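Take a look at these structures.
Here come two complexes built around chain A, the first alongside chain B, the second alongside chain C.
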Partner chain A sequence: MDNSKEAQYIDLYRNVREVQSSVFEAYRKASFERFKRLGFPDDKSEQYKYTNLTEALSVDYGLDNHNQKELIYEAFTCAIPGIRSHLYFVVNDTFYASDEAKNQVFPQGVVIGSLKEASRLYSDLVAKYFGKLSEKEEDGLIAFNGMFAHDGFFMYVPENVTIDRPIQLVNISEGNTNQLLNSHNLIILERGAKVQLLVCDHTEGNARFFVNRLTEVHVAEEATYEHYKIENTSSDTTHISSLLIDQKESSKTLTTILTLNNGLTRNNISLMLNGEYAEGLLYGMAVGDLDQKVDNHTSILHNKPNCHSTELFKYILGGESQGGFTGRIYVAEDAQKTEAYQNSKNILLSTTARMRTKPQLEIYADDVRCSHGATIGQLDETAMFYLRSRGISEDEARLLLMYAFAADVIENIRIEALKDRIKLMLEHRLRSGVSQAASCILCR
Partner chain B sequence: MSEDILEQVTQSEYKYGFTTDVETEIVPPGLSEDIVRLISQKKNEPEWLLEFRLKAYRHWAKMKMPNWAYLKIPEIDYQSISYYAAPKKKNLNSLDEVDPELLKTFDKLGIPLEEQKILSGVAVDAVMDSVSVKTTFKKELAERGIIFCSFSEAVQEYPDLVKQYMASVVPYDDNFFAALNSAVFSDGSFVYIPKGVRCPMELSTYFRINAINTGQFERTLIVADDDSYVSYLEGCTAPMRDENQLHAAIVEIVAMNNAEVKYSTVQNWYPGDKKGRGGIYNFVTKRGICKGKNSRISWTQVETGSAITWKYPSCILKGDNSSAEFYSVAVTNNHQQADTGTKMIHLGKNTSSHILSKGISAGLSQNSYRGLVYVGKEAENARNFSQCDSMLLSDRCGAHTFPYMEVNNDSAVVEHEATTSKISEDQIFYCNQRGIPTEEAVGLIVNGYAKEVLNKLPMEFAVEAQKLLQITLEGSVG
Partner chain C sequence: MLEIKNLHADVNGREILKGLNLQVNAGEIHAIMGPNGAGKSTLASVLAGNPAFEVTEGEITFLGKDFMELAPEERAAEGFFLSFQYPVEIPGVSMVNFLRTAMNEQRKYRGQEPIPASDFLRLMKEKKELVEMQSNLTNRSVNEGFSGGEKKRSEIFQMAMLEPRLAVLDETDSGLDIDALRIVANGVNKLASPERAIIVITHYQRLLDYIVPDFVHVLFDGRIVKSGNKDLALRLESEGYDWIKKELE
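Then we have the complex of A and B:
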């Protein structure tokens, strides 16, 4: 391992020893040890084969940035017509609640707020779940996150409580100096709880950002969790997001990962089906242009029998953009009657765009139904001809086909207003190209 | 219901387990520059070949054994392997001079040389351990200008051809086992089909591993010049042994303009016993290059043997309009492990490739498909379709699929499909209902499942392959 990049952060960790909540301390130390062993992933590692972080890590970043002075988040109200969400922010690496959300009265027992604060007020609860999923991950970046993350979003939904309006978490990377931002989100759903979380990612300012976020989600028996992540960041952003979801018996999750505008993005998504009859649905879409890079690295673990998972990822890549997709499906020895379906479909629009897919099926049980498919191609010429012969201009026909291609993913969004908004954003994105400002301007 | 039957059919023992007492000449175990020089000297090789071996050896000495495959490989002590073994009797003119023991071995394997010579019209280059013992039909081939001989003979007789094409597809530093082979390869087959010639018969070689503790390092080179055609068959069985034996071969194929090469393999080396003891390690580098325009290479393999199989017969599609195919059935049983598949490297324009892989795992075995489809920047209109299916016959085996797709050109269409399943009760019930007993039904379904690939084999092999599938999976035979 070339230690030069790691060394400065190892030194930094030793020097910046801020007094932390005791809940975090053991995890921080363990993460530090793991990071010393693993280092940053390089392109030789099989896991990060399609994500090259060499350039992004060569930038000199600042770390200590939670002394936010002027709150700019009010500019990002991210209001979506038709949705009245409870709005929260993580600006750089620190949590804020909107005024509306602060005054909101939730059902008895619901806790939504800063992880830092929760670790003080509900230390037993946080200690029970914090880092329990991530501590097993052999990933240098997750370990790195553990060393430096000190705050993030925290949500606890008690038994049989349904939160009827979506919770919206807006992550903003802001500033004019280069920053490396680590945050840790923790979401806990007790038995039969129901919640929808909408996560938006934005950047503001001309600096280079290296976002390294970790989200742990615990979904108990019969609970239902929906996670929508929409990324709209600058081309100078390196965005690493690790989403770890633990599912118990008969729980249901829907995860949708949309990358509309970005620099270099790496989503690690790990769905652990640890109870019988659990269901995990995972959808993703990415639109790439210029030299954008998107890599979704997904892992679905069928550890118990009778679980179901469906996975669909669709990319539209133009310019010199690069796409990567890894889809690991693991079926444990006794996980009989497993159903796991996976599909990765990709369109290349230019001669310089690249796509690399790597499905990975590891099956140890015999009574299973698993299938996966992957295609890389271009827009269908016959369909183009059909549209053109009916007097639709080439650009418009092209747009229609791309739009239809992406619809398979968007149609799975269960919040109607969000679905409409995403459609609009996609259309805007496809029409204007990346050179135009972020399409999220619609939401402001 | 079907579980008992499945258990029965997946428990059959290796049928071809026996050894022959043929005196062999073995160099001392271990690998060093001296051993490499000794092998080269024994084979009376020219200076350039010795240099090549030494270059490969020096490179190999710096390498580490790769560990990315989905295999559990016991540590291999490369210094305890003997790198050269040759039956003592050589330079035979007729069958009478061949060691009777050896002939008996071939008989047991179902390869009566003389009969085959007359009846089937197949030229056989039988390889016992490392040195070619008998080559038949050479004259008939020679009339058409076809060269089909042992590798060492080719080095002596056609050094220019060997020099030109050897290591042009698999360079000496390609990978750990290719480097090892390049340093110590003992013998193998060499085929050259001249311009415009269609080889009139299937060329085949039977490999056998015989001496104890002797790694076998074959090297095969097939060159098909412009407008030529050849179909090459390779089949192997090995005697039952308790010690693991390493096999690291290299197969290189070069197809020039409009040439077509068909390479078929039936591999049934000793897979180890039911407890996973013994068995062959089969770590082979097989690669072909479609060098000329409109050229075509097709790999077909039926893999039932070996304790560990680790190979990816690959194609580099360099010539415009070239095409490649890969058809594979891999069966693993008991403690067998296989990590096999293919690589299709599209570089030329309008190239196409087709991958069809059928994996069958039973017992406690692990069976992985690993494949790469790569489309280069300049490879306009590349097409690929891959299908890899897995069938699981027990609840303690594993079937894994790792297809890689890397596309750098927007005109490419690359598709991949895979399914994993077991024989369903419905299927068995359907057969039972029509009076087919369960055991036969299982055989029927497995054979039907593999049919698409078996159909691609030349006639001579199709029968043998079907038998092999039965022996591996059906208790009734053997």
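Then we have the complex of A and C:
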């Protein structure tokens, strides 16, 4: 490895001697070896061809990336009316629970807290799952996360337990000096468990942030998991997020990835349908108005027969923003009776915005129902004229059509309070321009 | 109310309207008939301000205002309404939200306050009854999945809601069975008043049994070539357009 970008972090790794737990240590060492082999994805990388990290990685992020001046999370209250979530934070790379969550009595056996702490208190449980999905990924950034992540969010929901209210994790990157952040989340649902997780990503302060998060989710037989991720960061943020979900027989997941305000974003989402009759629904939306870059790289693996997946991503891009979407669908040879539907729909509002969308179907079974579609277009002129002919101004007509375009992603949100809020946020974003509304109206 | 002088209009560089003249006064009902492709829908589109059509010559004045200076939404707010020959489906925009936005945007243009929600709902109920529109249609997206007849009814319902000064109905009768035709015509007649005017574009005399025109015009090859009273429609119905062509030669 003679590339200087990697070299400085390899040196940094060698100097970090903070031992968390044996589980962490083994994983960190393995990640280090993988990173030395893989390095950061460069412009020749097929997987990262829509995301160029050269500039972001040339920034000096300093070497002390666990630092945090004050507990700003205490000032955070989520203002989604009626959300009634249990609230947790990862501020820079450290986990905190809100007072409400600390005092909450969950059903017997539920564990929600810091991954660092869990790796000591529940070492056998954590060891069984920790890194098990990520260690298989040939991705330098996931390996990089493994080298430095020392904490994150941990959730364990035992058999047949339903958590009634949504769990909310607010990731805050804060500071006025550049930060390079890595957190690792681990979520385990046992058979028949049910939980909804809302993840919000924010930035605070005037600095460059390079955020590289990893979330591993294990969904056991007949369990139901919902994951909502909302990014509302800043133009100075490079945001990498890898979400790996393993599903067992008859489990159900719903994943929604919303990018409302950002700088450069790369979401890796991998749904692994590893048990028969598993169902995975994956929805996403991205809005760009300046020079934001959003790349959603999705991979749905039908490894077992009789599974269902539906995937829909919608982008609204204006200004000089750029979008990328890759939808890989893999159907294993014996995964008969697979149903997999994918759609990528995109609207370009300017001649300088760009969208690149790529379905990637690898189907080895013969008895399958798969479809995919991709469209890149402008707002429908005949619909525009129809609306205007009724007295609706051009701006308002455009807004109605953009809003309508995004509707089927939003309608699939199953937390009513969140759905209403996202509608409002989207309208606000579309009305006043993404970047005008700098701070989050979701929280605060 | 409406004055069209020497109107020429192109679509994709082809001239469709070739010097059309028409005057419509308040309180009048006009019928425009003519063979397929004569330019009837083009005239309607040009009046509504469709940017796909280019006016190359002539004048349109509506209630003393130069219509050519106004955007489609401004024309609507000034009191112009077009019932489309082919209404557009807009998935994801609810009928209710669409109409409420339209109404409030028009009110804003005229310097009026937005209509209170309860008044709006009451008005909607009343107007739906007027055109005997199925109540659940307004809960759906604009025209989405509506049958041909439902779309036409929806246009008249919108007209009833927006209460324009001048309405152009472009083949509102096509695709309607006789009962629906009667209902739609009834809705139109209820709207007719000394302050309003209506232009009915149709191929068939049968609509004119219900909406009785004061004037009938024949639009042929981009021009109005003949005008008369309702007897003209009857003659066109029985004899077709050949005699008009002969007259022109």
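To be clear about the criterion, the second predicted complex is superposed on the first by the 434 of 444 C-alpha atoms of A that agree within 3 Å, B and C clash if a C-alpha of one lies under 4 Å from a C-alpha of the other, contacts with A are read in each partner's own complex, and residues count from 1 in each chain.
The rule we apply is simple: contacts are C-beta pairs under 8 Å (C-beta built on N, C-alpha and C of every residue); 3 or more make two chains touch, one makes a residue touch a chain.
Only a predicted model underlies this, so the values are computations on that prediction, with no experimental measurement involved.
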Counting only touches as set out at the top, which of chain B and chain C does A:Ser350 meet: first, second, both, neither?
first
Between chain B and chain C, whom does A:Lys419 touch in the aligned arrangement: first, second, both, or neither?
neither
Should A:Asp408 be classified as contacting the first partner (chain B), the second (chain C), both, or neither?
second
Which partner, chain B or chain C, touches more chain A residues
B
Is A:Lys194 touching anything from chain B or chain C once the two structures are fitted on A? First, second, both or neither.
neither
Applying the touch criterion given at the start, work out whether A:Leu400 contacts chain B, chain C, both or neither, answering first, second, both or neither.
second
If you stack the two complexes on chain A, which partner ends up touching A:Gly377: first (chain B), second (chain C), both, or neither?
first
Between chain B (first) and chain C (second), which does A:Ile392 come into contact with in this model arrangement: first, second, both, or neither?
second
Where on chain A do the contacts with chain B and the contacts with chain C coincide?
none
Footprint of chain A on chain B - complex, ascending:
68, 70, 377, 390, 392-422
Mind pulling up the chain A residues that touch chain B in the complex?
46, 333-334, 336, 346, 348-378
Seen from chain C, its contact residues with chain A in the complex are 48-52, 71-73, 75-77, 82, 84, 87-88, 90-93, 97-99, 101-103, 105-106, 109, 141-142, 158, 162
Chain C-facing residues of chain A, complex:
380-383, 385-394, 396-397, 400-401, 403-405, 407-408
